[in-house]
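Chain IDs A, B, C and D follow the sequence of writing; residue 1 opens each chain.
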Amino acid sequence: MTETTPGWLSPDELEYARDRMPILYVEAVPVRVDDSGEVTSIGLLLRIGSDGTVSRNLVSGRVLHHERVRDALLRHLEKDLGPMALPQVPASLQPFTVAEYFPTQGITPFHDPRQHAVALAYIVPVTGDCRPRQDALDLVWFSPQEASEALVLSEMPGGQGVLLRQALAHVGCLS
Amino acid sequence: MTETTPGWLSPDELEYARDRMPILYVEAVPVRVDDSGEVTSIGLLLRIGSDGTVSRNLVSGRVLHHERVRDALLRHLEKDLGPMALPQVPASLQPFTVAEYFPTQGITPFHDPRQHAVALAYIVPVTGDCRPRQDALDLVWFSPQEASEALVLSEMPGGQGVLLRQALAHVGCLS
Amino acid sequence: MTETTPGWLSPDELEYARDRMPILYVEAVPVRVDDSGEVTSIGLLLRIGSDGTVSRNLVSGRVLHHERVRDALLRHLEKDLGPMALPQVPASLQPFTVAEYFPTQGITPFHDPRQHAVALAYIVPVTGDCRPRQDALDLVWFSPQEASEALVLSEMPGGQGVLLRQALAHVGCLS
Amino acid sequence: MTETTPGWLSPDELEYARDRMPILYVEAVPVRVDDSGEVTSIGLLLRIGSDGTVSRNLVSGRVLHHERVRDALLRHLEKDLGPMALPQVPASLQPFTVAEYFPTQGITPFHDPRQHAVALAYIVPVTGDCRPRQDALDLVWFSPQEASEALVLSEMPGGQGVLLRQALAHVGCLS
């Protein structure tokens, strides 16, 4: 992908926009469900920063110009989980919450030093085989119990641990 | 099934309860979705009454004593669509709406002469092969456009046409 | 109120129904909000049991035969918070979650030894003066932070602490 | 307000952004409710275009850089309904739907020739006195029945009539 693709911004253009507007994001919480729809595990991306710090992340990314929210979801799910994950993008666009990431800390539980990002957040069951691509090392599955433990949450940057807990609450798995 | 099965009522017991309490129901709108989750068609059960009248119905039924809402959904989906329908029961129990059927007409858009029923309503994508069982003749798939037309809606008894339109609105397919 | 009022059950009738059917409930989380709608505090009813144990509760109660969900909400809010609480019953009946209380422990996080109850749960801003009536001693207001602390949650019976946390998650106040 | 205010864009900057990114909007459906929360009327802004055409609109506007969604809602409600409208901004940021306006027609039911806008849509009860300001002539209240009639819907540009019907469906007033 280069900046000539419609909907993509050059680094300079993105920088320019980030200083002036909220940037629209989608975030997906990948889950495994049983036959009755109950969540049995939650998938978190594992990344190692350039300084060696471990971070765990939800699937997340920008919505591009002229791209539907559901196409953005599908694109980021494929980018982060690989082409065989078989995600079930929800039939309704009603998100379970809206997460507001501010460059200033303390306005909301969410923080992104680069920008003011507003993310539509969805629960997405995946039934296929997940193979992280891009910069993620691995996708690790946690039980709802494990996912809500302090250690995991502390490894999720920018308040994504709060968003994960909101997702667990929404699916009735917050203990 | 007989009245000795836990959670099942004899006809007399059900009659007794219906005169005294709201009865909890689940209702499911079976849909086909494309890869991006967008609804491409809606399935309606076709029934012919003893007097020859055609009616079209959503999947619907009671929640039994000691039965989880998601198990009731699964049971009624299997009962109405057959064992190969592969329904995707939602991960969250938050319904898109609650439909209140009163024995008296005009209190809400919903009416059930037998009882006061309160239904939790869900959109349920199905990916398998639907074979109506029980008393339904057929499951007919409609495009969102067709499903919102007056003729179809007029064949849905008790206000289920209103519920169908609420479902179409929720998935962004109300034209 | 006596058992001759339509919609009310005698103790025997209620006992009978509770052994045979799920009982429909509504639950309300009373909150104070600021001008922008953000929750600033959460109200919990304080009750002292016959054995001296302290319990904290959400507003909760049955939906009666031939009663609308929103009228049941209003009735229980008035019963528990007094006639001057000025509750803002939501315009949409879509609950933020459905809580399933089973007489058997461990099926869901919710437990009610008396019955299988299914509760539609709503956030309800109140702007007036709350004066608990009936058996509650007091209505105590907590900040979102305080409300999510372990001590408070441990005083909420039957899993209502989980429901409170789901409510806090839904309004973006789960820390 | 001038372009030097943080979060505001000059006309050129806005033009630049609109060509490159989805622009985040909020939309509010102002309603009157009765004590039980049921919607009794819906408020639509009446505008007369420079060519004399009548249009009816929901409350709508951009979210600015570093502005919370709920503050953007409050600002646009005050801008469009005046300072005495006393809007009840929802406690939860979960919108009833997300409306995607594309500059190209036919991708979704929503169309905005100027831009790709993604709007978080909320139902907002107002209890005070509404005095349209800015370019709106008047705020006209309709019953749910009137609001869903074809004439009114046909006067709502860009698919806002569809969004209004989604709102009516969400509050159980779609007939």
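Following the convention adopted for this analysis, a contact is a pair of C-beta atoms (placed from the backbone, for glycine too) under 8 Å apart; a residue touches a chain by one contact, two chains touch by 3 or more.
Since the model is a prediction, treat every value here as computed from it, not as a measurement.
*Asks:* Report same or different for the subunit A and subunit D interface, where same means the shared residue numbers exceed half of all residue numbers found there.
*Replies:* At the contact between subunit A and subunit D, which are copies of one sequence, the residues are largely the same (over half shared).
*Asks:* Out of A-B and B-C, which chain pair has the most contact pairs?
*Replies:* Output for the comparison: B-C.
*Asks:* Cα centroid separation between subunit A and subunit B, in whole Å?
*Replies:* Taking the mean C-alpha position of each chain, the two centres sit 33 Å apart.
*Asks:* Report the inter-centroid distance (CA atoms only) between subunit B and subunit C in whole Å.
*Replies:* Roughly 28 Å separates the two chain centres.
*Asks:* At which residue positions does subunit C touch at least two other chains?
*Replies:* 68, 92-94, 96-97, 108, 170, 172, in rising order.
*Asks:* So in the complex, the part of subunit D that touches subunit C is made up of which residues?
*Replies:* 31, 33, 35-39, 68, 70-71, 73-74, 88-94, 96, 123, 125, 170-172
*Asks:* What residues of subunit B sit close enough to touch subunit D in their complex?
*Replies:* 97, 108-109, 162, 165-166, 168-170, 172, 174-175
*Asks:* Can you check the complex and tell me which residues of subunit D touch subunit A?
*Replies:* Going through subunit D, the ones touching subunit A are 7, 9, 13, 16-17, 19-24, 63-69, 92-98, 100, 102-104, 107-108, 116, 118, 120.
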